[in-house]
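Labels A, B and C are assigned to the chains in the order they are written; within every chain, residues are numbered from 1.
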């Protein structure tokens, strides 16, 4: 069942067109990865879906056209975006970061907070510390937990492995994978670390200068010699 | 839609026509208008010079300053003190004021221009409010004459200039003030133009747009900022001297010596067009026109104006200015000059020469 | 000893007023990155509104409440309309607009309420000659005590808003990271407008308190208070609410001490210059103030 589908998605920064017509689909329960070189438009695609960049074309989420909706409305509809570089609230405590993640919810969030402290024990240990004092890996965990506080149906995750040690990266991807498999959380992932991404994803899109140049299941992309050589370092 | 090639005969003809129109206007005013109007223009020139000086620092280099009223005052007081207490001939006070203001400007700029944005605004605010308070300080009364200021500052006998001949009396003084103001204005304009169109001008704009990038490109940012601030202070002081010579008086509550003066300079610069050479000129003329036109508005007005403003006794000049500024910032941030250029751009395009 | 206590008592009340206005400056700066140059004049205008409503028969306390509400609408409305549009096109332009507001509100007030000698403003608190309490020899007038309590109460409410409510958390999140705030669904526009609204409301209260102490209401009422408040915000740190309060109270007390113990040197005229010199020195030595963070100006 299609959860997210973009058709001819365009996006621009001022006068510069960055996305030239992207067609992407994420089905319920899928983990989809967007690969590509720097500047290909991966982050922009994420921002176009979450409504934080000027965009055009069509973005349908759960049957609703959201290409003209505000970022706040899109969060309420069930999409959560973990931006590149974490984007934690450095001046707020870890617990406050989680609490504000659930801003759109009216019900009690204490049980959710307890749950994420269990999944990420290190966050629980530091719950009264200012987020800015956390390590890179901890901030990434915090950013993901914060996004999940709004109980989204689709999680957008932009380069979670950036600047992190391999061990932490594996831990993070393990959490994402289990959330996807056990709770059916749909994930759209942008990654530079192609090998790791291909291991966890169901399907892959390859972006180059604002357009999709290849797509398919993770196995087929991983097995394709030409693509391996051109984009994945052989 | 006219298309004109740059450098062609038509282009030159256009420019010559503009210059001729301006020249005719400049000559017409002092010879054909009444004294009051001549006086208005003279005070407009003073304001324009002050706005041009601020433009160098704020419009081109992007450094916020609401402290320029202090330099205006330094100029005015320097002239007054030199003339009254030391018997100087007024003409030389221009040079003294320029030098003193330059030094003080550089001294202030050195520590201050490391700061940016809101913080810089606060510092210059402090300077602007501190200056008149210092003037009133009892311990400095030996120099500044405290709150009552210095008066009878003027030319005992107006110098005789070629063409103008000998000028006498109130009318003569007004005409002289006009021509003196115009002379200083032209000199300041040429200085500004020379700076802006040179390499210095480009480094100023580079600093305004991105200081770090400018430094990387080889601009000595600190030295440039300090020097341009010093020059700006000098020019503003010249305006102060002019003002004092025209009115004959300088006081701590004087029109442009207080914070209000800084605000008006800023206003003029923005309304005219920050970062343009002719912006302050247009802005100054508009301001003086507006100020004089609205002065009479009040309970005597009739018609539409009376309807809007008839209920008050006060002149709505500053209110109109404030609102005009907001409108400009909302709809024409490049000021009147920018707006005019856009409109002219629809009528005539200057095509660059093909290579 | 009584003299010292006297200066401290009086200074606390004035300081509390400076702190109130300074908090307004900090709330706007922290929330939006801009300095509201018109903070004092907005407060003055609201105070005139309060006076006017009171003249028309509304009891003073209710008039103050209405004035604060008016202030909130004025501040929020200004942000939502003018400030936001200008901020998009040129961040530096916001400062120019606040200067225009400074000028415009001042002229408008002068035009509407144009009696040269000003208007009599009633005090919220008992103000006859015998209305004071004697502590260790110093007189602490009721109206000064009242001002201190009201101002501290409002500041306390503000701190509660920020630390204990969801909306306060939302405001802090926008101040900390505006892009991420959008990503979690915080209505940034509402938050920005509220910052200006809260600041203006606090300004309205501080204007009413100043008017009550002064007894006399003119358009120049709040200018020197604005300078003191700017000094307090600078000293405390433009993005530190706690700093603004501590600095405000300190400047209030300090001003009384300086004017009291060194009248020959300083006297009335130069009291303000102490605050101005303070701004100058703090910004040159440590621009982030005593309690502010080292983030450079956000424009």
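By definition in this document, a residue touches a chain if its C-beta (ideal position, glycine included) is under 8 Å from a C-beta of that chain, and two chains touch if they have at least 3 such contacts.
It should be emphasised that the depicted structure is a prediction, and the values quoted were computed from it without experimental measurement.
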Chain at maximum distance from chain A, centres defined as averaged CA atoms: B
Chain whose Cα centroid lies nearest the overall Cα centroid: C
Centre-to-centre distance between chain B and chain A (centres being mean Cα positions), rounded to whole Å: 55
Chain B and chain C, separation of their C-alpha mean positions in angstrom: 33
Inter-chain centre distance, chain A versus chain C - centres from mean C-alpha coordinates, in Å: 43
Residues of chain B defined as touching chain C within the complex: 62, 64, 66, 111-112, 115-119, 121-123, 125-127, 129-130, 133-134, 136-138, 263, 266-267, 270, 312-314, 316-319, 321-323, 325-326, 329-330, 333
Residues of chain C that touch chain B when the two form their complex: 29, 34-35, 37, 82, 85-86, 89-90, 92-93, 95-97, 99-108, 110-112, 114, 227, 230, 234, 238, 267, 269-270, 272-273, 276-277, 279-280, 283-284, 287, 296-299
Residues of chain A that touch chain C when the two form their complex: 50, 52, 71-72, 75-76, 80-81, 83, 87-92, 96, 99-101, 103-104, 146-147, 150
Chain C residues within the chain A interface of the complex: 166, 169-170, 172-173, 175-177, 179-187, 293
